[in-house]
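Two complexes, one shared chain (chain A), two partners (chain B, chain C).
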Partner chain A sequence: MNIIVLMRMVPDVVEELEVAPDGKALDMEFLRMVLSETDDHALEEAVLLKEHFGGTITALAIDAPEIDDALYAALAKGADRAVKIVDAEPGLSARAAAALFADAIKELGPADLILTGAQAIDDLDGLVAPLVSHTLGMPYLGTVTQVIPDLAKRTATIIREYPGGVRGEFDVPLPAVLGIQAAEKPPRYVPVAKVRAAMKTQKLETLSVQTAADAGPGLVEVIEMAKPAATGRAQMLEGEPEDIAGKLCEVLAARGLL
Partner chain B sequence: MGSAVAAFEDNVCGITLDNYMEFPEGRRLLSCIQCGVCAGTCPYGEFMEYPPRKMIAMLRAGLAEKVFTSESLLNCVACYACMAKCPRDIKLTDVLLPLMKEQTLTHLPEMPAELQRALQNTLRYGNPMGESSRKRAAWVKTAGTPVRILTEDPSPCDVLWFVECYTSYYPRGQAAARATARILNALGIDFAILGNEEKCAGECGRLTWEPGLFETLVDYNMAVFHKYRFNRVVTSCPHGYNALNRRYVPLGFHWELDHIVPFLARHIESLKPLMRRKLDRLVTYHDSCCLGRQYDFYEEPRKLLQAIPGVRLAEMTHNRLNSLCCGGGGGGMWLDTYYKAKGYERLSERRVKEAVATGAEVLAVACPYEVSRFEDALKVLGHDKKMVVRDVTELLADAMEA
Partner chain C sequence: MDGNIWVVGEQWRGRVSEITYELLALGREVADSLGVRLEAVLLGHNARNLAETLGKADAVIYGDHPTLAEPIPETCAKAITQLIAARRPQAVLTPLTNVSMGMSTLVAAALDAPAVNFCKEIYAEDGVIRARCVLYGGKMEARVGVSRQPAIFGILPGSRPAEKGEVSAAPPVEEVALSLPETSCTRLNRYIDPEIGAVDITQQEILVAVGRGIQSKDNIEIAQELAEALGGAVCGSRPVVDQGWLPLSVQVGKSGMQVKPRLYLALGISGAPEHLEGMRGSDLIVAVNTDPTAPIFNVAQYGVAADALEVLPALIERAKAQKTKAAQG
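Here is the complex of A and B:
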């Protein structure tokens, strides 16, 4: 079974996020990028599938700061190839990213499964996976939590999770594009020595695809990006417990709650 | 110190579970008399399928795999108790246990999530709590006293203060950072810090189990050290001290090295006239494993505490060589959830019960891991009204207040 995992870097929210001077995007200068958490789950699901059913994994990513670290970690975890799409503009829209991925997948050759994160913090609509599936003419399922392939029948049983603890089971013909919500196990730890060994012994492949420019910046225009303004403040009651209790009663009474 | 460390490194550098017989420290395992003192003194020995004694027996029988495919080593908090008491002087905590732990964690089907996060955070952000590396020196703004950051002013200094993670980020750790800065300035010491350039020294890597993470941190920190000119490194963290001493020295770390407590103890005569405020407290001191059993700094913290006007010392039943570990070493800092799930007593709670039994009002510590561990334990046991936890530097700085 051949699996392609699509990996994207997203802003690391551990760092302070600043809005760029044009007020329409994040300030890239102070940003650190990190592998999207759900893409890490997609990679884990791929590694679990390879462990159970054999096959190969290709980690496919769009060039971004620190992407090499993420790709070498993917190789150390069990990916067979790591391919980086170069020459892309920074800050791609979901449409543009999907177009790049779809073209790169055509170049890479046939795959049985294309896995990626169901959502990303900069793609809450989870558009990338369905757009890729549309371009490639493959079926798509999102918010996937388990994949059980039947290679003889060229199908897979897909488990999806719904709110309220409801679980859905689907059959999908392969090849298919799946948006992974969570892998069956949390993404594994890869010892740093293994990543360092991968850096010494394995190579990242690069791929330049041309058509992405046609996909344009997307059909949605950003009018303004700003930090949310504080709308209210918490009121702290201070003093001895009796005083606090008294003040609390006053506050509640003033609001007609007592 | 230098030659002892060089000898240590000659004896163990490159040692593995396969080639241990080629090394003096490895061959020393053959001298084990199976007395079991190690197992008896181990704070979590009762929960280990293979405590150190059995571990050695299994290794000698060619059955090491059985040890590292069990979870025994997850219970090792690298407290140096077994090593300090071994009648054959076998370097358990420095040599055998990290090798076994490395294999254990490689073979675990799933790493405890809390530990995994801490290791990933240390690699990415240079600190286990996953705080932004750009905020490492943020505490300096609250210091209330000048703290020179080498990134901003790279001129030479006498003391490079290696602040370390919990002292830089953890709110109660920052209190010790502020206190240390005030003391160093009061003593007129020419010091500076690396600021946001500093990353964890990585003791809970190499000395415990993650050699790749440790090597990455060593490469990084050594390159930063070489950018600046200073005479000595003083660190607030006994674990950082242990890493710098045991593992950085053979890799080219050639500066004088101190932990803040023995460093200040050397300045005790200058400190005494500065401490004019009477604290009037009964204090008990907890010996940190890395400072105590590993480096014999037993008297330095006690001398400092006794130099504070009004401080009286009370000793816990287990003190100095017999001190009970807070449970934070060897990765234990990030295994509390795992231990709780297994139903173990938290070692910090065991320790705090002893501390409270002394009747002391203050539990003095010298390791930044211990503040959060003991404060949590006091709250869990309902003793937080009876006793407070204070870093030795906090108490010294309190006594210096006008």
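Here is the complex of A and C:
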């Protein structure tokens, strides 16, 4: 079974985010980039599938700050190939990223499954999984939490999430593009030493693809980006833990909650 | 007629989702400000009666087909694409929920139309439709414009109160023929209902919710101790459940439960839109988080900018003492 995992870097929202001087995007200068959380789950699901059913994993990413580390980590976790799409504009929209991914997937050859995160925190103009599925003419499901392939029949049984803890069981023909919400297990931790070993013994491949994605003007334009206005801001309680506990308990007692 | 505002309704397991009425209330405002009609689209099979609940719209377009009995995003997208191409609305408001996940993107891709995700507000400015979007897990907001029509907007739950979109008057319903394959290539076998855990968090008056900031599985016990002292139960956000620290049955948010307790005490939860969706209706929200700019403080009435683990011991002690005092008094 051949699996391609699409990986994108997103700003680490644990850090303070600032708006660029033009007021329309994030200030990239001090940003720390991390692998999009659901892409990490997609990679984990791919590694679990390889462990159970055999096959190969290709980690496919678009060039971005810190991407090499993410790709070497993918190799250390069990990916067989790590491919970086180069010559891409920084800060691509989801739509443009999906177009690059679709072109690259055609170059890489046949795959049974294409996995990526169900959604990323900056997917303003669309989700990558359905965009790629549309371009490649493959079936799509999102909010996926489990994949059980039946390679003899060229199908997979898919579990996806609904609200209220409900799950749905689907059958899809392969190849398919799946937006992974959560892997069956939390993404594994890979020790730095193992990543370093991957850096020494394995090589990242690069791929340059021609795409029409950056030809025309974007369909969606950010007019202004700003931190959310503080509406209905919480009343902040300050002091030592004991003071805070005291104030909070007063609030709760006043409302009959204690 | 060209240029109308459309709301795509969501029906799931025989019911119209609440977000449909939220979208109708929002769509009504936008259509009125532009002086155009508001039309609702509902897809289903033998579900015309559900279409009749969408009276906030001037008219309802109901598409019936055996493959639309349950909302599979791919199949729904094909149907919606056909309808948009034929009738050319200027803006289509779609629900951004797990049920419909991916549908609006597929429609936009098929029509080569703009798609705008994570919208919390849609408004008209100088006759042009714009959106206000929540990005980066709620850390940023963007005002967004589109370059052409029709534009497909994915709207977050909570944009308007659902009651504002519910009216008793039945709208005119037009049933339309759709040309769809007889079977979907993606087939739904069954729904799997959640196992009810030891605690049904939707029935609790007091919830102590833990997020990533709780740092380790062992610390859940401390939150548990506080919940016991307060007479409530522990629940959690997605990352904590994904880590296996709490069972899926106590997850709050988009994929988890919707809760409205009298007290929701959020510990180490930043307040991503997916989480807020599940708990913003709580009577009293108190949040403890190290990041003073965390979005959770925008929905909480009281906040503490501190490490939850530092505040917890004092809070447990004080809560226990107060309970004892109340019991004696």
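Everything below uses one rule, namely that the second predicted complex is superposed on the first by the 221 of 258 C-alpha atoms of A that agree within 3 Å, B and C clash if a C-alpha of one lies under 4 Å from a C-alpha of the other, contacts with A are read in each partner's own complex, and residues count from 1 in each chain.
In this text, a residue touches a chain if its C-beta (ideal position, glycine included) is under 8 Å from a C-beta of that chain, and two chains touch if they have at least 3 such contacts.
Since this is a predicted model, take the numbers as computed values, not measurements.
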Task = Look at A:K203 in the shared chain and tell me whether it touches chain B only, chain C only, both, or neither; answer first, second, both or neither.
result = neither
Message = For A:K106 in the superposed arrangement: first (chain B), second (chain C), both or neither?
response = neither
Message = In the overlaid three-chain picture, which partner chain does A:P186 touch, first (chain B) or second (chain C), both, or neither?
response = both
Ask   = More residues of chain A are touched by which partner: chain B or chain C?
value = C
Request  = Determine, under the contact definition given at the top, whether A:K194 touches first (chain B), second (chain C), both, or neither.
outcome  = first
Message = Is A:R154 touching anything from chain B or chain C once the two structures are fitted on A? First, second, both or neither.
response = neither
Task = Considering only touches as defined above, state whether A:E16 meets chain B (first), chain C (second), both or neither.
result = both
Ask   = In the superposed arrangement, does A:L258 touch chain B (first), chain C (second), both or neither?
value = second
Task = Please work out whether A:H52 is in contact with chain B alone, chain C alone, both, or neither, and reply first, second, both or neither.
result = neither
Ask   = Following superposition on chain A, which residues of chain A contact chain B and also contact chain C?
value = 14, 16, 185-186
Ask   = Okay, in this complex, where on chain A does chain B touch?
value = 14-16, 34, 185-186, 188-189, 191-196
Task = Quick one: which bits of chain A touch chain C in the complex? Just the residue numbers, please.
result = 10-11, 13-14, 16-17, 19, 26, 41, 95, 118-119, 121-127, 129-131, 133-135, 139-143, 157, 159-173, 179, 181-182, 185-186, 217-238, 241-242, 244-246, 248-249, 251-253, 255, 257-258
Task = Spell out the residues on chain C that touch chain A in their complex, using ranges where they run on.
result = 12, 72-74, 97-99, 101-102, 105-106, 108-110, 113-118, 130, 133-148, 185-194, 206, 230, 238, 242-244, 248-249, 251, 254-258, 262-263, 270, 284-287, 291-293, 295, 297-306, 310-311, 313-315, 317-319, 322-323, 326
Inquiry  = Quick check on the complex: what are the chain B residues that touch chain A?
reply    = 105-106, 110-111, 113, 116, 119-120, 123-125, 130-132, 134, 210-213, 215-216
